Amino acid sequence: MLLRSMSESHLWHSLRQSVTTMAALLALTVLVVGAVFSPWLAPTNPFDVASLDLLNASMPPSWLPGGDFKFLLGTDAQGRDMLSAIMFGMRISLIVGLCSVALAMAIGITLGLTAGYAGGSVDAFIMRFADVQLAFPSILLALLISGIARSTLSSQTYQASALWVVVLAIGLSTWVLFARPVRAACMVEKTKDYVHAARLLGLGRVTILLRHILPNVLGSVLVIATLGLGVSVLIEASLSFLGVGMPPTQPSLGTLVSSGRDYIAAGEWWMTLFPALTVAVLVLSVNLLGDWLRDALNPRLRLAR
Amino acid sequence: MTLDPAQPSLIAVKGLSKQFDLSPPWWARLLTGAQRRVLKAVDDVTFDIPRGKTLGLVGESGCGKSTVARCVTNLMVPTSGRVDFNFGGAVEPSTALSPEGRRKVQMIFQDPYSSLNPRWPISKTIAEPLKVFGLKTSRAEIRDEVRLLLETVGLHADDAHKYPHQFSGGQRQRICIARALACRSEFLVLDEPTSALDVSVQAQILNVMLELQARLHLTFLFISHDLSVIFQMSDYVGVMYLGRLVEIGPTAEVFRRPRHPYTQLLLQTVPRTNLVGQIRAPLSGEVPSPIKPPGGCSFHPRCPHVMDVCRSVAPKQTQSGAELVACHLAAG
Amino acid sequence: MTASPAGHALSVRNLSVEFPSGRGRLLAIDDVSFDVAPGEILGLVGESGAGKSLTGSAIIGLIEPPGRIASGEILLAGRRIDNLDDTQMRHVRGREIGMIFQDPRTSLNPLFTVSRQLTDTIREHRPMSATAARQEALRLLEMVGIPAAAQRLDSYPHEFSGGMCQRVVIALALAAGPRLIIADEPTTALDVSTQAQIMKVMKDLCKSSGSAMMLITHSMGVIAALADRVAVMYAGRIVEIGPVADVILHPRHPYSKGLIASIPSLEQKMARFSQIDGAMPRLGRWPGGCSFHPRCPSRMDVCSTVRPELTEKGNAMMACWLDAS
Amino acid sequence: MLTFLIKRLAQAGLVLMSVSFCSFLLFNFVGDPVQQMMSATASTEDREALREQLGLNASTPVQFVRFVGNIAHGNFGNSYRLGRPVERLIAERLPATLELVAVAAVFALVLGIAMGLQSGLAPTSLLARITQWGSLIGVSLPTFFIGIGLITVFSVWLGWFPAFGRGDVIQFRWWSTGLLTASGLQSIVLPAITLSLFLMTLVMRLVRGELLEVMRTDYIKFARARGLSKRLIYLVYAFRNTLVPVITVIGLQIGSLVAFSIITETVFNWPGLGLMFVDAIQFADIPVMATYLMLVALVFVVINLVVDVLYLAIDPRLRTGSGGSGAAT
């Protein structure tokens, strides 16, 4: 609906204008395909303990002396193929990122629309809540939530539900990202005359919100969601790096960086560098795409007022 | 008084007031000794419009004419006073309109760029009232009705699938009229419907409205700051200043012999194309802030005929010929 | 058009302004020429999109990129100013050309006092001590009719009403005594009664200082009240130019005729408004030949193919094939 | 103006109250303190006695009031892990974190604003493009990756700066500073850069965006039409208008600098609060976690009050309190 009215040709035209965005889109496609189909595409299954061989441990990338072409990006201290580990790790990073954006979006849009349309004390209450939330920077809140989960759940349950704890932590700490702009956009939209015209038809608040206002704030939501995905992946990586995110049994990219870190001093840099680079490329291309979306949608949004 | 005793009134507004409380919160008033600040946007406004006629409301920015429009259409709840509609059956107060009554009261807005949902093709916008009020149910009927409505307001029926940004300002205003017509409305509030448009397009839109009014026997409340548009469009005219109706009466009468000094000032200062090289302006004076209007008659600081009584007593509306005027001069 | 360019406060010769776009270069102003004599007020009138504001921006050298002057000359008191570099142009702006914008509330920087904005402008163009500049600022505010100017000197813009703000804007535009003032819709954002006051201030100042003024507006009423001569613009071109009394009371170009006829009258009630069908085409969709021909009630075959040029007709000049021969 | 300040103070109080309530909940409901403090072999009577002693049998509101009272007296309880009063632990660690955050904030603001102005004023220049790209990469790189990269290059390969720790510190009463010794200064360079990069890129992009927005306004166009010099228009007129929205975000983000210091401190083994907090999380050391939270909230609140005062200094419209006069017509 959104894209259709923005006219596909316009977006497509502006996309082709920007070489960097095309490159970002390409990189993102490669990464996402690699992650989604990792069980079939990856050279080995890093979780298959039986296939690990300590003789293969700590091998450098294939193009360096001592490297093996079987292990393109080298191996870790357990003899795991880094490339496969990264592909599987990225899968987990992406799942966490997407789920937490979805959660944050659901909370943020609901509260943002409610606050923006209702105004008055409802608005004041939700926004004070958001202020308090802002006093806890997202990474801190995420740390806290996983800290609480860690101390209340038994370690077995925690291991099993680590992914959802992380999603919850990131989602709950980034909803303000959506709520504030959605509220602002909603407050702008609700004073516009097309909303007044809808009220003259006697439509209810919910109908007006969903039918008229929501489609008109989706443009900015799309941009935030894209940029928010980058933020979520970064937070997840940071949490895992600090040892409170994904456990080593379900390693995300951040976990890989964290576990490879101790080997830098020994000169075995590839265990850290490659997963870290993957995070960087992933987030960079997501950000590039978000920036482009914002620029591409904005003048249009302004024109259409 | 009713404007035309021979004609039944479609809408009667009695003692309408709307206040906005701009005061700081109670604790701040307590701590800093700040005063309550109440903006009387509309203050005790009474008028009625005979069926099939147009009442023009004119005044400068901040005089409360748009607030009247919003109260009349129920987009705002008045602080006091009442608005009654009579569509031929029983008298219905605006706060308790039946869906049927609500359908008959529609509005055309000033800004044609914000009055259409930018994400909707215009066919969907025009069809919405048809569906909401159950006027047409089958898909084919709705499509035909939308095409008919578009042609009624002078647009191509084939443009129904287009989006608002593909239309010019004048065309969008026509689409808004089509949406109001889709409701089969009987009473239209026109809130500065042409002030965002160019003169040549304004003429087109005003013509469309005149034709529709004659054909469908519509009743208009026409709000504008443009005296000449009001002069041309309305049968009756009301002049507002700082929330009050200072003069109301038949258009020809008010424009030929304005009785309130403010109406006189407005008519005198409006630039006219037939008076080349003439600027007729008082040396100073501006509309004061509606938050702190002057006491007594709120126009007294700018009035050339100011008397002592004007500074202390707010004038009541009095009959003067076919008009009602709120001025101590007219009261004799 | 008899005086030499040197005798004019402003001469615009064959000015064209273009915008590069995906569909090639779009001409937004197409071959426009006119003069303004010292002390004269020239009205530039037209509907939105006609290019009147852009003409003003082109003269003061502030066209928004990527727009640019494609060809033509602009002469200020005989000196070419369209080819000046940025630094040289900066000394023309403010000192020789003053500009007044439409909305007085957004024209003033909300975070600085009126005196600060005035003295900054004065000292930019005239070497003066801070105290002298303050005196001058006070004089300017009194000149534009701000009551109790001395007390209000250190006020912020939000403490002024709309009409008072526009007086401050005028004072700022006049700070360095420019020989030309470009006023872009100076009264549109104001109330009717304030509008008349501001028009009076502008007219009096022009008369007393001898500055020329280019008055850009869509309101024929404002033109009638203020201007000496008027140029009617349509789709980037001047279609008719001449003394106000001639053009407004007896317009001859079909567009000016239609435009003036469509203004609602305050004298006589009409059953129906005289209207021009259609709307001004968007930039880049301007038709060939005379660009008004699709809307023109008296169009001929020639109109759709050959563009009419401005030619003298009595006191005025117009670009139309009607009675061209 | 007074109303504005009172409102903000009340809001600040509200934030602190909510945060201390959260901390209180943490204390009481997450992980039983008795469980944490006593060995598994302790008898039920001993547990009950300790319960009574800790006041855990009182009703929840009473406990909360006591909790707040304790905080007001500077009594935050004992660390489960180290068994020492939390306020002492905090006092030992606080200077390290504050110095790191302060140096990083100065880096970020000075460079960020300078680069933002530069790229906003000449958006097509080469330098602007480089900073634009740099900033994009900056926000896309995880903080820990930047830290590890800097360590690898400047400590492991080049050996210019130490890879971890604070270097030598000088003690002034309870405050210890590393800013006055050569090794202390050397040590703070890499962590401060790491910590500041995110904020720096953010400030830069924000300043650039706002500046471009301000440059489109009528008052800047009018200033240009009056022939004012570029320096005056850009660096005085436009810059001050740019600052209004920018300082809000900066205020919020300096708070999050404290949070990001957790990662930086972990990477550089910086003996600050963040490192302590991460350890506390690993060991579920609730009193330390709760106190740290309240401290972060306090920092946030204080910074935001400073921002509000700055607002008043910059925007005259707030001073007269006539902001809300533009009512409906």
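For reference, chains read A, B, C and D in written order, and residue numbers begin at 1 within each chain.
Quick note on the criterion: a residue touches a chain if its C-beta (ideal position, glycine included) is under 8 Å from a C-beta of that chain, and two chains touch if they have at least 3 such contacts.
Because the structure is a prediction, the values reported are computed rather than measured.
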Selected pair, greater C-beta contact count between B-C and B-D: B-C
Please compute the C-alpha centroid of subunit A, do the same for subunit B, then give the distance between them in whole Å. 50
Roughly how far is subunit B from subunit C, centre to centre by C-alpha average, rounded to an integer in Å? 32
Where does subunit B touch two or more other chains at once, residue-wise? 61
Complete list of chain pairs which touch one another: A-B, A-D, B-C, B-D, C-D
Interfacial residue positions of subunit C with respect to subunit B in the complex: 47-48, 145, 147, 161-164, 191-197, 199-200, 203, 218-226, 244-245, 248-249, 258-260, 262-267, 269-277, 279-280, 282
Residues of subunit D defined as touching subunit C within the complex: 217-230, 232, 237, 240-241, 244, 314-317, 320, 322
Show which residues of subunit B lie in contact with subunit A when the two form their complex. 73-75, 99, 102-103, 105-107, 109-111, 113-119, 125, 128-129, 132-133, 163-165, 176, 179, 183
Quick one: which bits of subunit A touch subunit D in the complex? Just the residue numbers, please. 128, 131-132, 134-140, 143-144, 146-148, 150-152, 230, 234, 237-238, 241-244, 254, 257-258, 261, 264-265, 269, 272, 276, 279-280, 283-284, 286-288, 291
Contacts from subunit B onto subunit D in the complex sit at residues 20, 22, 24-25, 27-28, 31-32, 34, 39, 41, 61-67, 70, 289-291
